[in-house]
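You will see two complexes here that share chain A, one where it goes with chain B and one where it goes with chain C.
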Partner chain A sequence: MNNPSMAVIFALDALTGAVFLLTTLGVVANRQVLASLQLFIAQSLLLTCSAILLGIATNSLHLFAVAAITIATKTVLIPWVLRHTVSIEVYRTREIDRVLNIPSSLLIAAALVVLAYAVANPMLGAVHTPFAKINLPLGIAAMFLGIFTVVVRREAVPQLLGLLALENGVFFAGVAIVPDLPVIAELAAAVDVPVVALVVGMLTRRIHVRLGTTSVGRLIALRED
Partner chain B sequence: MTARILYNLLQVIFVIAFAPLVEGVTTKLKENLQSKRGPSIFQPYRDLWKLFHKDEIVSDYTSWIFRAAPYVAFAAPIFVALLIPVLTRYPLFFAFMGDMLGGGFILALGGFFATLAAVDTGNPYGPMGASRTRMVGFLAEPVFIVVFLTVSFVAGSTIPYIVQLRWVTPIASFFEPSHILLMSAFLMLILAEDGRIPVDSPSGAFELAMIERSKSLEYSGRGAALMKWAGAMKFLVLICIFLNVLVTPWGLAAGMQPIEVLIAVPLVLLKILGFILVLVYIESSLAKLRLFRITEFLGAAFVISVVAMITRLSEI
Partner chain C sequence: MELAGVLFFPALACALSLSPLGGHGRAAPVTLAGTVIVFVLAVRIAIAAAHGTHVEAFGEWLTCDGLGALVLGLVALVAMTAALFSWSYIRIRAAHGDKRKEQNYYGLYNLFIMSLLAVPVLANVALMWVAVELTTLLSAFLVGFEDTPEALEAAWKYVVLTTVGAVLALLGFLILYWGSRIAGAAPFTWVGLVEAAPHMPPALLWPAFLLVLVGFGTKVGLVPMHTWLPDAHSQAPASICALLSGVETTTVLYVILRLLPVVGGAPTLDARPWFICFGLLSVCIATLLLVYVRDFKRMFAFSTVEHMGIILVAAGLGGAEAHLGAAYQITGHALAKSFCFFSAGSVAMTFGTQEIASVRGLVKFAPLSALALAGGAFAITGAPPFALFISEFLIFKAGIAGGQYLTIALLAFFVAVAFCAVLYHVNRMTFGAPHGHPTLAALPWSCKATLVVAAIPLLAIGIYVPVVLQNLLRAAAAAMGG
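Moving on to the complex of A and B:
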């Protein structure tokens, strides 16, 4: 942390973290499916930035691999999969059905960020990289917000995006704690996540074809008894 | 000592003189971005000139408040301009009189009188706009408070000059997450306070949809000119607080030489032009929100400011 280039990288990482949190809040509070998808892409790009910055700072090739895999799967592959499996009707719906209204879900989101910092603080004692101070709480916050998105949204694609935001949060925290993440773990995640997107996308397509909606809250009526 | 008083007056003259220009440039750029020619950037000056030369008509049913309100609204931004760094990096003669909260109170006083004057007339649109302004106001208030609390907690002071020196000037703290978040929250606040597009349409002519502008519908002649000018000055003062205290404290005069202060004038105007470009982009790419969606917009601003406070508190 003493030399100036480290300080610059630290500052840039902090900036990335702030915008990362903003995009995650956007995924929670957005009204439109397409905007949510774009915010998720932006979030993934910021995760890539953070991984590259940390890779430069710690001289770790693994982190560059993380960055490359993230950009390949999350900004290219997953949007492509989602656009091609889920019918265009889903994106045309202007408003996402949700359990809570936006102001109250935003307030809960703020409480979750507080909780994330409270949870992260004792953990910081065990980690000795300076970047964990930024990445760990923000990553945990993104995890919480991702789970919250899954809870609060009532439609399949935004729920999936919440799940993916959660996954981004895990990596955002992970790159700071473990600079030498085994590539096999990263590759496994990289293969896993598009498959999840593909499955959910196909399922959503089927549901949409049969019911004309992807509103998960109404799937209770699906049983045929 | 005399230099400090003179520079202080220069700040006031800067705000008074360039406020219509800022408004004119904003309108012109917005029209240009929408592929229209737009009025000249000096059009607000001509409007003011025209209005000052017209007769003023005051309804018989109004009280003294209606007549006093334009003067109070006009004086409020001038007083704030005495307190905040507009051109110089160091505090000037009157800066001891109030901190940022004081400036907020003075601006709120001007708004309060404009609201009273709107209720004072028999025009049905005035009270409607006034009540809507109050609604936006009480939603914006918590954001203001949290932003100021965080900023003054970091700087250990609520004086804008100290805030700017302690927190924003060191480049490392510029990129802090809390700073970026506070900047976004304050930007949303400016949009709401000044009735810019996601919240209110500044150029709209439809009374039922107006928030900010319907308050001065009843004014004519000199009263209308003063209200218009006061609105432009309030906007400029808010931009100055945003740019010079919170975002880019560069380009301000550091020394006491008159030439440095004079050079600061074009530099500050250049910064304001940059801000206007961002503002015009925001205004042209968003649609006006429905009235009850304003809660969502300001709720988002509030959450961002709270998150900024948390990130700041837990990093120490």
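Moving on to the complex of A and C:
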């Protein structure tokens, strides 16, 4: 951190991380399905920003590739896939009943963020990777919040967006801890994410057509007596 | 080049099934032919691996050692028998004569097989993760294939929960890569990780191990992440259940077992107590659920959770004998569980229900299915002369020799309770007094043929283990570390 441009990049990455966390909290805590999708796109853009900043700081071409892949798949391809598989009715849905109300969800979310720092700390103490100090705990926080979203939301599309936010969290940590992952692995992982969206989107459509609802949290035909 | 062929032929069979060439019901024989070729190639790889050769192709992008070859061979075998079972089962029960739907089934079936075969042969660990994730995504529509509300609910839970698990595991693998970079420039392969592990900071290796154990443990069906498993494994068509329960769980468990020598390389860490805890918890809860179960496909699904637990305990006991028991248990479980689902599918087809209480007097109405169901139940619960009896005996013996009395006592108790529970249910279905005259459907030829074909290896390896297979099992045990 001895040269000034490095300090600027570090500060910018911290800012990106903070806004990244806010968008993730938004995915957990709002009622509109469409707003959740927009927040996910914003979150993906912030992941791209962080990849570019770290790419400049570490002179890593891989990270520019990650940035390009993220823009292409998460801000263009996934929204397009979802628009074409899930009917517009689903996007207009306002989710009235959730497993937990929004204030309690946010309280738990805050606790999860603190937990993420506690989990990341021993790892950061063991090695010296400057940008990991910002990205690793925030990535883990987004991961916890994504899992929490899948648990508390009953609608199909918000559950899927929770899943994708969780994946973004892992990549947010990933760009700092493994800036040199082989490109073929990055490409393969990048192909995987839109396939998740496609499969879950098509499944949502079939559930909507067949059962007349996308409230997957209310499907309880299969359970132990 | 066998390794490349193992991935190429399912892709070819998929293309042929979906093309006009696969129309008019030709997709089923095309798929069966593809799986037979893959099985022959897998056997050749397994024989080479049994002789201690490290099979490689494409400049080390594809590799296979003893443990990989064992899993590869089992996947290829069950893929073949399940393709035979599908032939008439899918046409009658799921596609209802819809030719296009049948072609789609075989297209997805071949891709699913390919992703399963890719897991043990891809050398790069990141690519292996992608293959595991693809097994979920490609089988989602196979789980929901019958298009009933229950099947769609099961498919939803399956995809969402196992994908959450896979993403947790991904963070684990990224942290492993981080650690291996710090330790030096080792390649990101299992061999490279085992070499790098002693130089990795334990503060990285430990969370990476836990993330992969919990993340992929979800897909293996370890308690408490098992909730999706009985749903998916009971609602899918029987041929797919055989693959999901028989080999998909094993393929993912294989990845977790690969971490044993990696974590074992670090002087201050010990993964084995975690394996034993997760394993015993899975065996315990699955056994309790087995007692109260009402649906006979669900019963075999819970039995899968139980067996995954037993294998994990065996791996956690440590030592060459226990690991040999684990490798043998993996083999016995894959053969017996796929056979159980073929017989359960036959019974469900004959009676038109999966409820245990609605099936009575099977031996009178459908003697072949009755024989298969009873035989499968004995095989899966570890009765002699089947392979699981020998493998469980090996595991108990190794545990007692290692002084792990409490673990073995608990394990033996739960295995005994599970034995009684499964045989109680199956006994009532087979010999119970029938209520009235149920309307029965005839069992199509391919289901009957599968019950005969799949019984051969199941009976054979319990009675006689060929030298090649013995060597392969020892090589697989060696790959789990000492």
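Throughout what follows, the second predicted complex is superposed on the first by the 217 of 225 C-alpha atoms of A that agree within 3 Å, B and C clash if a C-alpha of one lies under 4 Å from a C-alpha of the other, contacts with A are read in each partner's own complex, and residues count from 1 in each chain.
By our rule, a contact is a pair of C-beta atoms (placed from the backbone, for glycine too) under 8 Å apart; a residue touches a chain by one contact, two chains touch by 3 or more.
Here the structure is a predicted model, which is why all the values come from computation and not from measurement.
**Q** Mind checking chain B and chain C on superposed chain A, clash or fit?
**A** In the arrangement built by aligning on chain A, the partners chain C and chain B fit side by side.
**Q** Answer with first, second, both or neither: which of chain B and chain C does A:Ala18 touch in the superposed model?
**A** The answer is first: A:Ala18 touches chain B but not chain C.
**Q** Tell me which partner A:Val195 touches in the superposition: chain B (first), chain C (second), both or neither.
**A** second
**Q** Examine A:Val170 and indicate which partner it touches, taking first as chain B and second as chain C; both and neither are also allowed.
**A** Second partner only, chain C.
**Q** Please determine whether it is chain B or chain C that touches the greater number of chain A residues.
**A** For chain A, the partner with the higher number of touched residues is C.
**Q** Just chain B (first), just chain C (second), both, or neither: which does A:Arg206 touch?
**A** The second partner, chain C, only.
**Q** What is the angle, as a multiple of 10 degrees, that the CA centres of chain B and chain C span when seen from the CA centre of chain A?
**A** Value: 150 degrees, nearest 10.
**Q** Once chain A of both complexes is superposed, is A:Ala110 in touch with chain B (first), chain C (second), both, or neither?
**A** In the superposition, A:Ala110 contacts chain B only.
**Q** A:Ala7 in the overlay: touching chain B, chain C, both, or neither? Say first, second, both or neither.
**A** After superposing on A, A:Ala7 lies in contact with chain B but is clear of chain C.
**Q** Considering only touches as defined above, state whether A:Ile134 meets chain B (first), chain C (second), both or neither.
**A** First partner only, chain B.
**Q** After superposing the two complexes, find the smallest distance in angstrom between C-alpha atoms of chain B and C-alpha atoms of chain C.
**A** So the smallest C-alpha gap separating chain B from chain C comes to 18 Å.
**Q** Looking at the complex, which residues from chain C come into contact with chain A?
**A** Against chain A, the touching part of chain C is residues 124, 126-127, 129-130, 133-134, 137, 140-141, 144, 147, 149-150, 152-157, 159-160, 163-164, 167-168, 170-171, 174-175, 177-178, 181-182, 188, 201-204, 207, 230-231, 234-235, 289, 292, 294.
**Q** Could you please specify the touching residues of chain A with respect to chain B in the complex?
**A** Residue positions touching the partner: 7, 10-12, 14-15, 17-19, 21-22, 25, 29, 101-103, 106-107, 109-110, 113-114, 117, 120-121, 133-134, 137-138.
**Q** For chain B, which residues are in contact with chain A within the complex?
**A** 171-172, 174-181, 184, 295-296, 299-300, 302-304, 306-307, 310-311, 314-315
**Q** What does chain A use to touch chain C in their complex?
**A** 119, 122-123, 125-127, 129, 139-140, 143, 146-147, 150, 156, 159-160, 163, 166-167, 170, 173-174, 177-178, 180-182, 184-185, 188-189, 191-192, 195-196, 199-200, 202-203, 206-207, 210-211, 216, 219, 221-222, 224-225
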